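Here the chain labels run A, B, C and D in written order, and each chain numbers its own residues starting at 1.
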Amino acid sequence: MQNRTFYNEILTEHNLHPEHKNKMIRPTAVMRGVNPSCGDDISLELEVKDGVIADGAFKGDGCAISQASADMMLELVIGRPVDEALRLKDTFMKMIREGVSEEELEMLEEASSLQDISHMPSRVKCAVLGWRTLEEILTASPENGEDSGKSVTTENDGTGIPGKRK
Amino acid sequence: MQNRTFYNEILTEHNLHPEHKNKMIRPTAVMRGVNPSCGDDISLELEVKDGVIADGAFKGDGCAISQASADMMLELVIGRPVDEALRLKDTFMKMIREGVSEEELEMLEEASSLQDISHMPSRVKCAVLGWRTLEEILTASPENGEDSGKSVTTENDGTGIPGKRK
Amino acid sequence: MRLNMTEQDVKEIRKDFPFFSGSDAVYLDNSATTQRPKRVMDALLDFYYHKNANPFRGLYPLSWEATEAYEEARRITAEFIGAASSREVIFTRNASESLNLLGFSLGSLLLHEGDEVIVSVAEHHSNMLPWRAAAERQGAALRYLLPDEEGHFSVEELKKLITEKTRIVAMTAMSNVFGELYDTAAFAAAAHEAGAVFVADGAQSVPHTKTDVKKMDCDFLAFSGHKLLSPMGIGVLYGKEEWLEKLPVFMTGGEMIEYVTMDEVSYAELPHRFEAGTVNAGDAVALGEAIRYIRELGQDAMEGRERDLTRIAMEGMKRIPHIRIIGSPDPDDHHGILTFRVEGVHPHDTAEIMAGDGICIRAGHHCAQPLHEYLKINSTNRASLMFYNTEEEIERFLSSLGTVRRRLGYAE
Amino acid sequence: MRLNMTEQDVKEIRKDFPFFSGSDAVYLDNSATTQRPKRVMDALLDFYYHKNANPFRGLYPLSWEATEAYEEARRITAEFIGAASSREVIFTRNASESLNLLGFSLGSLLLHEGDEVIVSVAEHHSNMLPWRAAAERQGAALRYLLPDEEGHFSVEELKKLITEKTRIVAMTAMSNVFGELYDTAAFAAAAHEAGAVFVADGAQSVPHTKTDVKKMDCDFLAFSGHKLLSPMGIGVLYGKEEWLEKLPVFMTGGEMIEYVTMDEVSYAELPHRFEAGTVNAGDAVALGEAIRYIRELGQDAMEGRERDLTRIAMEGMKRIPHIRIIGSPDPDDHHGILTFRVEGVHPHDTAEIMAGDGICIRAGHHCAQPLHEYLKINSTNRASLMFYNTEEEIERFLSSLGTVRRRLGYAE
């Protein structure tokens, strides 16, 4: 376990001083992501205009990893077209599941700092919570201002977590 | 375990050729003794007259030990007063539980051949089945010709059997 | 993986089992419980000495290792019985707990007033009493499937017994009295045709023949580790995922929840929702190791060896006068289980006399008392073999058996 | 029997535990499960290698030895908790199974429409969900006994909660979150006064303090072997004989019957009628050995040692800024259990960071989610000590804990 290095400056900075947490935006879509085993949840808000993520924010409680990951994710996808954001999501998931090339890693910008999470199987669910919620929001109702009432969990999505809630 | 010697001639003789099994008598009292775990049971019949066991017989199924023991018991108690039979019962039980003196052993006549049963804890219940039924019949309704409807079991009378049905 | 197993091989194999070096008893009560190879117990110790923590509960590496070891045991068990995924494998204490879980949960799911449950009359009490209790709780009726005199069950008979009220058919895949292996797939098909669920008791079949739950097409299968070279604290309930998803939970408590508030509770994913409280990771890991050992020996070789020993034993028994063997006259129907009576001798005396010769066999009803009632026999003796028994041991068994009547005073 | 236990003694004692020689982790999750002395596992091996047979089932000497070993474990367990006889000791898989047995059997015996069950809000899920399920099945209602902010429960509050409809009061003898030991006798007396049955959860209390069920006057007591230096497959349900005699059976099957016909069944004597299927004799024997070991060490010495360590740990924690300890401010109320939060840091991050330093502590709700809901805390960390922890380990724990906030980016 490389915790000493894992809780690095990028992560702690995004956790303690998140850019996009509790920010006021005019969301066109809202979705909740929940990890019942730890009781943590986030609520992700996006403003999608003409196929582009114009703005985004999140609320909620969670560990440093989930909070920082959501913040880095928003930093990365705001201003990008929906399909590009979804591709970045794929790359992020791939980074955690099987690893990616240097090139792909660079595309993830600061979010790439989470690559070692794969060695911490119990925390994968934290790192992917924001991303899975993003995926759901974008594929369920990309242009929709209504809260679909659905929510997402990353505790049984087979992201390679051994044990209980695979 | 001294089985080779345990199934000795006295025992096998009383088992294969019981003197008192299925004998026709005019019983004044009848009682059933059952060992549910092996499914075996005997029915003990006594003809008690003026405080003396004038005659006795048994029916039923069971292992060689239970059958021989019941037969030896009847051989011993027929013709004796009720209180003497009960004292012999006490001596028999004591022989199995803790051991008895040479003198006491002799009083039991052939029934003393069962003394080593104490080394075969699972078979104690067999050896005492007849005796416990005798005790019950003599203390419950010594002079009574009616079947009391009760029955006896030796599987949970704490005769020193370890385990299950003590 | 061995393709066959000779007497010489077995003498080597027995060195894997510390029990045999410490005892010269002839252990022929393998259907009750088996002995255990050293490597199985070593795996247990390795878990307790190097990976021990409460699985699932901690974030620290040790707890993850414990979780991994436990889940790895589940995966290997799933593979061993041909389950579609390890979500279909629930660890229990023993086959009895597996079947009670079903009695309670499947019973309450499927049984209503007037419904029917079919069990065979040859069931072990553990696959009979839970259904009787379930039927009683739910106001359903129990029907008995009866075998012929040789212990064969017929699918036709089952079909005759099935009505539109039949909800559950529970039947052993291999009888612990007859030793016969039944064609579970055929009985399951008859049940399914009528819309009933088929529960197979694999306590005897899993240790003695290759198991493929897909081929058997049973909806549930129960078995015990301790009859499969493993410790006494672990059993398995296999269930088809679609059924497990519908099944109400049984025991509740730690580990089997997703979240609990003062008013609400939501249960964990399969298979965890059926495993309340701290899991028996140590024994599960040992079961995993036993399965690895069995696969290395080769299940076909084991089964072949048991067939050979059964033939030798049964032929020997047929040569001894006054022996009555229960079930089929064909040794290949017995899978190492030889239930018998010595005429004129009470089975407890037979077992006692043979115990004096160091032969460990059983006397009684082998937890199948209704079968004995049906066969109109008070009790029987049973010798049950395992691949690790030797021809020498069979000889000792036969020669002791041959003297029983004489030692009880019969001329012959 | 030791009268006290110094740091030096403990260094010797740790040599009894193979786990410690193989790991330099600081294991502080003892409330979840403990480590095991070699002699406990040796007793297990001795059983499997030299006495292994299915207890109760055979007439041959081996089976009697197995039975004797199992029953001897029961006797020593009965003695250890002050039971009147070993008929009052039922072996189960773990505390959870013991409590589920009660939920089903005592629930169906005592609870009717409109009746009430009281549990404390601090109960482990295993002593809460079985009662919620029982209440739901029987149409009864569940009431929560609430503690004050420091984790103390009051008998007065219980009396206020009890009505003439209260049938069962189920309460832990020691909280796995607060670490506080409750005066079971006083709570039981309040229950008894109202004619209710008192069920004590001893999962945490039995390993950490001398148990005398007569003094506690509880009607039932549940605990687990794996929290008591034993393997994971054995638990205990103690019950007063008069109650056990009335209690309907729970699981059915082999071993727990007297006789079975096709239509009738009669159950075995106490305690066997509550032990369906092959018993876990191996783990029971190991539990017996663990109890012997504990008695040799001396329970007072163990308890004293745990009190000393708790004081050191708690004083150290109080010196670290931004640490909030849950429950009583008095170390003597904690019995080795220190549940806490690092302000501003999510407990999973605290546990993860400390795991990186080799410190094994817990994060989450410790299977007491309703208590966390009541305390309005999402989750917490928990360090739980055992007599075998060292002062050095407490130092390592404290120094790691002192760095958590800094490593998460806080200035201090």
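FYI, a residue touches a chain if its C-beta (ideal position, glycine included) is under 8 Å from a C-beta of that chain, and two chains touch if they have at least 3 such contacts.
All figures in this text were calculated on a predicted structure; none of them were measured in a lab.
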Query = Relative to chain C, which chain has the most distant C-alpha mean position?
reply = A
Remark   = Matching B-D in over half of the residue-numbered contact pairs, the equivalent interface among A-C, A-D or B-C is A-C
Query = When the C-alpha atoms of chain C and chain D are each averaged to a single point, how far apart are the two points in Å?
reply = 31
Request  = Quick one: report the Å distance separating chain A from chain B, using the average Cα coordinate of each chain.
outcome  = 81
Inquiry  = Centroid of chain A to centroid of chain C, CA atoms only: how many Å?
reply    = 48
Request  = For chain A and chain D, let me know how many angstrom lie between their CA-based centres, rounded off.
outcome  = 39
Inquiry  = By the touch rule stated above, which residues of chain D touch at least two different other chains?
reply    = 59, 61, 255, 259, 348, 352, 355, 363-364, 369
Note = Shared-interface residues of chain A (touching two or more other chains) are 1, 37, 39, 123
Parts of chain D lying in touch with chain C, wherever the complex brings them together = 18-19, 22-23, 25, 27, 29, 32-33, 35-36, 41, 44-45, 48-50, 52-54, 57-63, 93-97, 99-100, 103-104, 121, 124-130, 132-133, 144, 224, 226, 231-235, 250-255, 257, 259-262, 265, 276-283, 348, 351-352, 354-355, 359-364, 367, 369-370, 373-374
Query = What residues on chain B touch chain D, complex-wise?
reply = 1, 36-37, 39, 121-123, 156, 162-166
Query = What does chain D use to touch chain A in their complex?
reply = 345-346, 348-349, 352-353, 355-357, 363-365, 369, 378-379, 407-410
Key: chain B-facing residues of chain D, complex   = 55-56, 59, 61, 64, 67-68, 70-71, 255, 258-259, 266, 268-269, 272
Inquiry  = Considering only the defined contacts, which chain A positions touch chain D in the complex?
reply    = 1-4, 6-7, 9, 12-13, 15-16, 37-40, 61-65, 120, 123, 126
